[in-house]
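Lettered A, B, C, D and E in written order, each chain numbered from 1.
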Amino acid sequence: MRRLLFKAAAVALVLPLAACSTKGGAETNSTGVTDKEITLGVMADLSGPFKSLSTAITQGNELWAKDVNAAGGVCGRQIKLETVDHGYKADTAKTLYPQIEPKVLGFVQLTGSPVMAALGKNIEADKVTTTPASWSSELLNNPYAMIVGTTYDIEMIDGLSYLQEKGMLADGDSVGHIYVDGEYGANGLRGSKYYAEQHKLQLHDVKITSTDTDLTNVVTGLKGQGVKVILLTTTPKQTGSAAAANKALGLNVPILSNNPAFDPALLKSPAASALDKLYIVASTVPFSADIPKAKEIAQKYAAAGYKEPPNAGTPYGYAVGEVWGTVLKKACENKDLTRDGIHKAMQQTTSADTGDLVAALNFGTPGAPATRQVYVAQPDASAPGGTKYVQPLFEAEAAKAYKAPHEGQ
Amino acid sequence: MSKLLWIPVAVVLLALPLYLDASWLKAGQYMMIGAVGAIGLTLLSGQAGQLSLAHGFFLLVGATSYSVLSGTDDDLVGLGLNPLLALIGAVAISALAGVAFAPVAGRVRGIYLGVASLALVFLGLYLGQAAGSLTGGTSTGRAPATFELFGFSFSNEGTLIVAGVPLRGTERLWYLFLILLALSYWLAKGAVGTRIGRSWRAVRDNEAAATAMGVDVRRTKAGVFAVSSAYAGLAGVMIVLWFDILKPDENEFGTYGINTSIAFLAMAIIGGLGSIPGAVAGAVVVYGLPQLLTLYSTDLGWFTGSVTPVLVSSFVYGAAIVLVVLFEPGGLAAIGRRIKELRS
Amino acid sequence: MLSIRNLRVRYGRSMTALHGVDLDVPDDGVLAVLGTNGAGKSTLLRAISGTLRLHRGVITAGTIQYGDLRIDRLDPARIVRYGVVGVPEGRQIFARMTVAENLRAGGIATKPAERAAARKRVSALFPLLDERADQRAGLLSGGEQQMLAIGRALMAVPKLLLLDEPSLGLAPKLVERIGEAVREIHAQGTAVVLVEQNASMALSVADQAVVLSVGSVALSGSTEEIAASVHQHYLGTPAPERRSLARWS
Amino acid sequence: MLVLDRVTLRFGGLVALDEVSFTVTPGSLHALIGPNGAGKSSCFNVISGLYRPTSGAVRLGEQNLLELRPHRLAGLGIGRAFQNTALSTHSTVLDNVLLGRHTLTRGGFIACSLRWTRREEKRHAARAREICDFLGIGAAVDQPLGSLPYGVTKKVDIARALAVEPNLLLLDEPAAGLNTEETAELAATIGQIRTDLGIAILLVEHDMDLVMGIADQVTVLDFGRVIADGTPGDVQTDPDVIKAYLGATT
Amino acid sequence: MTTFLQLMLNGLGKGAVFALLALGFVVIFKATEVVNFAHGSLVLFGGYLVLVTKDTVGWAAAAVIGIVSAGLLALAVERLLLARSRHADPFSLALLTIGVDVIITEEVVRRLGVSLPFIGDAWDAKPLQFAGVTLFRTHLVALGVAAVLITAFFLAFRYTTWGIALRAQAENPEAAALVGIRRSRVTASAWLIAGLLAGVAVLFIATQDFSGAGLSRGTHSIALAAFPAAIIGGLDSTAGAIVGGLAVGLVDALSTEYISFAFAKSAVFLVMLVVLVVRPAGLFGTRETTRV
């Protein structure tokens, strides 16, 4: 017994020593910055359900950092990326965050809406500017969220007006919107509801969960409602199912989806033949976009020797880097490379240019999306990233008038 | 465990926040959440023999109740109660939810009960999404009130320095969780050793004999469901405080889903069904392993490619269940007992 | 044909049911095993047929020799294939199956060539079972069920038939009928171990008998010898000692 | 005191008990016997409320037992020991015996977990030990049940039934599985229980030595009917009883 | 009306596959009283083998390999783990299968990575239009295969020696042993058959028409829907498995439209709960008779 007691006491002493680190060291505001380096964080899902998108974004982030560093860095400092993988698990992310947060100036990537939700309070408390890989305008209530691109609600509004302009939809028509429950789907629905109100559309919305895979019954129901268009704020698998059912049931109406609803892998699935009715609205360009910057990235991607099949995540990840470059330069000019300085610099950034990878971005208005411009693309198996443009960057009138949930607060 | 051994254990647990980084503290707190929930399940499934796969649901009930009782959001239902009252209320509401399931528990036995209880998880998934005014909905969730005890806030607010170490939200939460776990443990121990614990075991081992000795089997089952759900509810409150947010699940594999229910059952089985220290040990294995492996692997660069810490821990706990059933149905608790016997 | 030496059986961790039983079944004979309930009769049959394990019982010591073969460590399905077939207490027919299916189940371990002959033998012995062939066995009366249980065992072409209380719960007339059947089976060359509480029926059929009492053999001998003394073993006498306990207040 | 009045129990078409009537008088040792399958267990289960009879009544004093849910019987002073010792094998002897005190104690989860019942527990544990000592198993009180020989677990089962502080003790084949010595000791114990505590005992038993040695009154069942009811001497010589047990006289 | 008809067709098509899965549960439960929580992982495993072999040996051969592998895996689980467990009560063994399920599922999902392979090549996504309703080919084939397999199963169950042995053991293990039925063989055969049925089911599940997604963790959760199917019918009733499977398919399809899609999953489980409370052994199950 006494021996046991002694051992426990020994453990009590040794354990803290082993773990003892800089505990108690004062937190400074210039976290993540030294004379030579700026460290930026990446909280990615490299092993979970969004592995393929998040990996591509991370690769885009890396390509950007390489380019910047080759060109001499920012503010005389090299960019260093500190990457962790949370596997889309909020609990894992919650413990990883305190480990990585003290090392970084900001996050160029934070993937996963449950993760963003779990960390929202921390990000605000630590004043760490973060680019979530999620495009919900609900996130804009967090002043430190720097969303690169437009938001799901606006994508839907732009997309619907595109369809109407092309004659596929008329005022008073019935439309169906299938959305996954969660910030992604709910935000998309917010947009379609707004547009439906403006144009007297009869909106039939169907809430599903991200693990549902067979939408045949849902589409059967929508067919019964006589919808003219199906809107999807879903996962790629669900998009495939809805598209296949659309065709199989003989409904054959146009389908409009947000960017995350499409994955080039669909083109190899049995649903491929049903994808011709699919229109994808996005504020970032597809991998194969016919613009100089995108082509340059595609080349660099090939040269870097990445093994994964490319997707739109790569140019997006690169674009995020470019935006961060702009913000960091601004902060450098202000001579304030602290977290506060970054946040200030972000708000001063009113026209971040990414070489048309994303429309010009304005972070000047708190709570408002940085842009309201989108592309429209369609699936195309022959294009390297699986999609082709059908409509270059544009902004619908309805989108201009739309007020995001946290705008002007 | 011997009484003397408690002292160094307590000293270590109390001293840890002075040394460990926030990440490790977070991981430790997560294990404590698991331990509180697992104690509840081991009382139900181990002591009283009622298999339940509904633990995730009761976690959600507790989490939601706390958020609603303490909430002050304008657009959501919130009573703005004192957080301590809200915590007690959440535990009580979870207990009532457990009682509400009693008619089913009274009629359905054994493995059938386990499968029947799965229905609650799916119901919880639906209600979590549908009752957005209570849960905040899956889109944004809702932030819980910061926990306060007699005016002391468990957040970064104010400065509190002990031995040169500033105690911020994470450190403070550690002590809160430690108190809750210690209380849960102590209460469970008290119950198991006395009249109520005997009636649970009697119901588990032989209902006819229990009845003959004057135990009201129906009531006892309802009671133990209530107790177990109360524990799950407390774990639910803790999980909301740990995440800083209540966010109902988007699918059945979320924070309050099937996987959580199975994980809690795994803790109880691995620890040894019915053993309270075993439940704590089981929580360390099932909830601690993925957290610790993730933190270590990030530090040391372990696990590359598709073999992730989370995957490794899943393998470990799957294998642990198989091994326990095959070789040591008493679980870690029985192994512990055996080591103790060998030493004395 | 069957010899048992020093057989000890325990149930669960601690309940000893047989405390060292020795007995022999003569070739082609009928051995009656008598005794009140709880004396260990069924346990004895379970030990022979290998089904103890299904009742959480184990043989802790002793041997069961069947011809040249030791069968006390064998699986029940093997033992059946060697020709030792049991009819359990309470009949245990497959109530949800038809009479014909019950008989088919009985012949599962039998060589295909012998099945038809076995079936004929059952028909000859219990013609009633043929009449009821397509009826659900659970709907038969108690006596018919007992016939089916015996018939099912005969389908396995036993060399040694173990019968556990075939008279249980049957009216006297039916008990007689079963007794006749046992005699008939024996006459056809099958050895029988007949466990009975109903001593008069058993003794009228058997040529040797043993009386079990609390897990050991109290008496053994020819049926005439046993018949004389069995009465007191069934309805018996006492002895005390003292400690005290006051009422709770 | 305990009266069975024309109790009939049917399972589907099967009549397990057919108009069974008998009375157990206070302080008496009443044995219920019969060949296997005669309906003794069914009768026992009707008395202890586990089966509901198709017709008839079971009364304890003025109380109609059939109106009560079965768990209330212990509170009325009916203790029961089981044929197959329905105990918790993982728990200690004391823990098992203390279960018998359930109706004599109070306290749910809150009271128990907060240790409010600690003093009560101690008091009742002391009584439980006393009962165990009386039955000669005092030395094993703190041992887990699973490690004990069968004879001891049988006594634990009786100790638990006595822990109810019964006026009527129901014993279901207490001698089953015991050897001759243990059975003799059991007989002595049962006799003592009656003389020391003055309670009535209803005994279902196969061991006739035991029954005839200690019973005051014997009721014999066969095919669910009462075929004899009287003193051991009467019953032993009753031709119906002999026939039921030994078959038709040869 | 067309919508209703279409939903009924969708529901029956899926129900046929649920019935195959539920039958697997029932066979194991009948023979051993063990509830097999690892059924979903058998489904995944079979699908995975079809996937890795079909490019080299062709779809038909790969399908056979997948079916057989799922069967053999089930057999291996029974022989190597369950048969060797020291405490072989059905309750512990059911818990053991939870552990097995976690391991197999995680490994297969890991191997799948981000790919979502469809494996029903022979008929995938080639629907037939008929009088305003669509007949999905997967559903048609599933109904056909289920009808053939279930009929074959019933015939075997009723008339073969194996069927008699299984039923005898299910009803009374002791009497079965006494007529020479080898318990371990019956048990092993039950697991083998359940595995084979799981292997067949996955050919339909991992199709465009059935799940809309290929083989993934979701396949496992679809197999979970066979739980309520088996319970609703009664865990020890083969006929119940068919009724339960079809019932689950229909409840799912109809509640999607007439209540809400989000509720459909709960609806299936709630129906199960109601059935359990009203009839604790399921609609066709035999009541447990408790002996005291």
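The working rule: contacts are C-beta pairs under 8 Å (C-beta built on N, C-alpha and C of every residue); 3 or more make two chains touch, one makes a residue touch a chain.
Because the structure is predicted, anything quoted here is derived from the model rather than measured.
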Of all the other chains, whose mean CA position lies farthest from chain A? C
Of all chains present, which has the mean Cα position farthest from that of chain E? D
Chain centre separation in whole Å, for chain E relative to chain A (CA means): 38
Would you mind pulling out the distance in Å between where the CA atoms of chain B average out and where those of chain C do? 54
Once you find the CA centre of chain A and the CA centre of chain C, what distance in Å lies between them? 77
Just curious, how far off is chain B from chain A if you go by their C-alpha centres, in Å? 33
Considering chain B alone, which of its residues make contact with at least two other chains? 125, 129, 208, 252-253, 306, 311
At which residue positions does chain A touch at least two other chains? 181, 207, 209, 211-212
Enumerate the residues of chain C that touch no fewer than two other chains. none
Would you pull the chain E residues touching chain C in the complex into a rising list? 161, 164-165, 167-168, 171-183, 286
Contacts from chain D onto chain B in the complex sit at residues 48-50, 69-75, 79-80, 82, 86-91, 95, 98-103, 105-109, 112-115, 117-118, 121, 160-161, 164
Could you list, by residue number, the parts of chain C that touch chain D in their complex? 11-17, 19, 36-38, 165, 167-169, 172, 175, 197-204, 213-215, 227, 230-231, 234-248
Which stretch or stretches of chain B touch chain E in the complex? 51, 103-104, 107-112, 114-116, 118-119, 122-123, 125-126, 129-130, 208, 252-253, 258, 262, 265-266, 269, 306-307, 311, 314-315, 317-322, 325-327, 329
Contact set on chain A toward chain B in their complex: 1, 4-5, 8-9, 11-12, 15-17, 19-21, 23-24, 47, 84-87, 89-92, 94-100, 114, 117-118, 120-122, 125, 136, 138, 180-183, 185-187, 207, 209-212
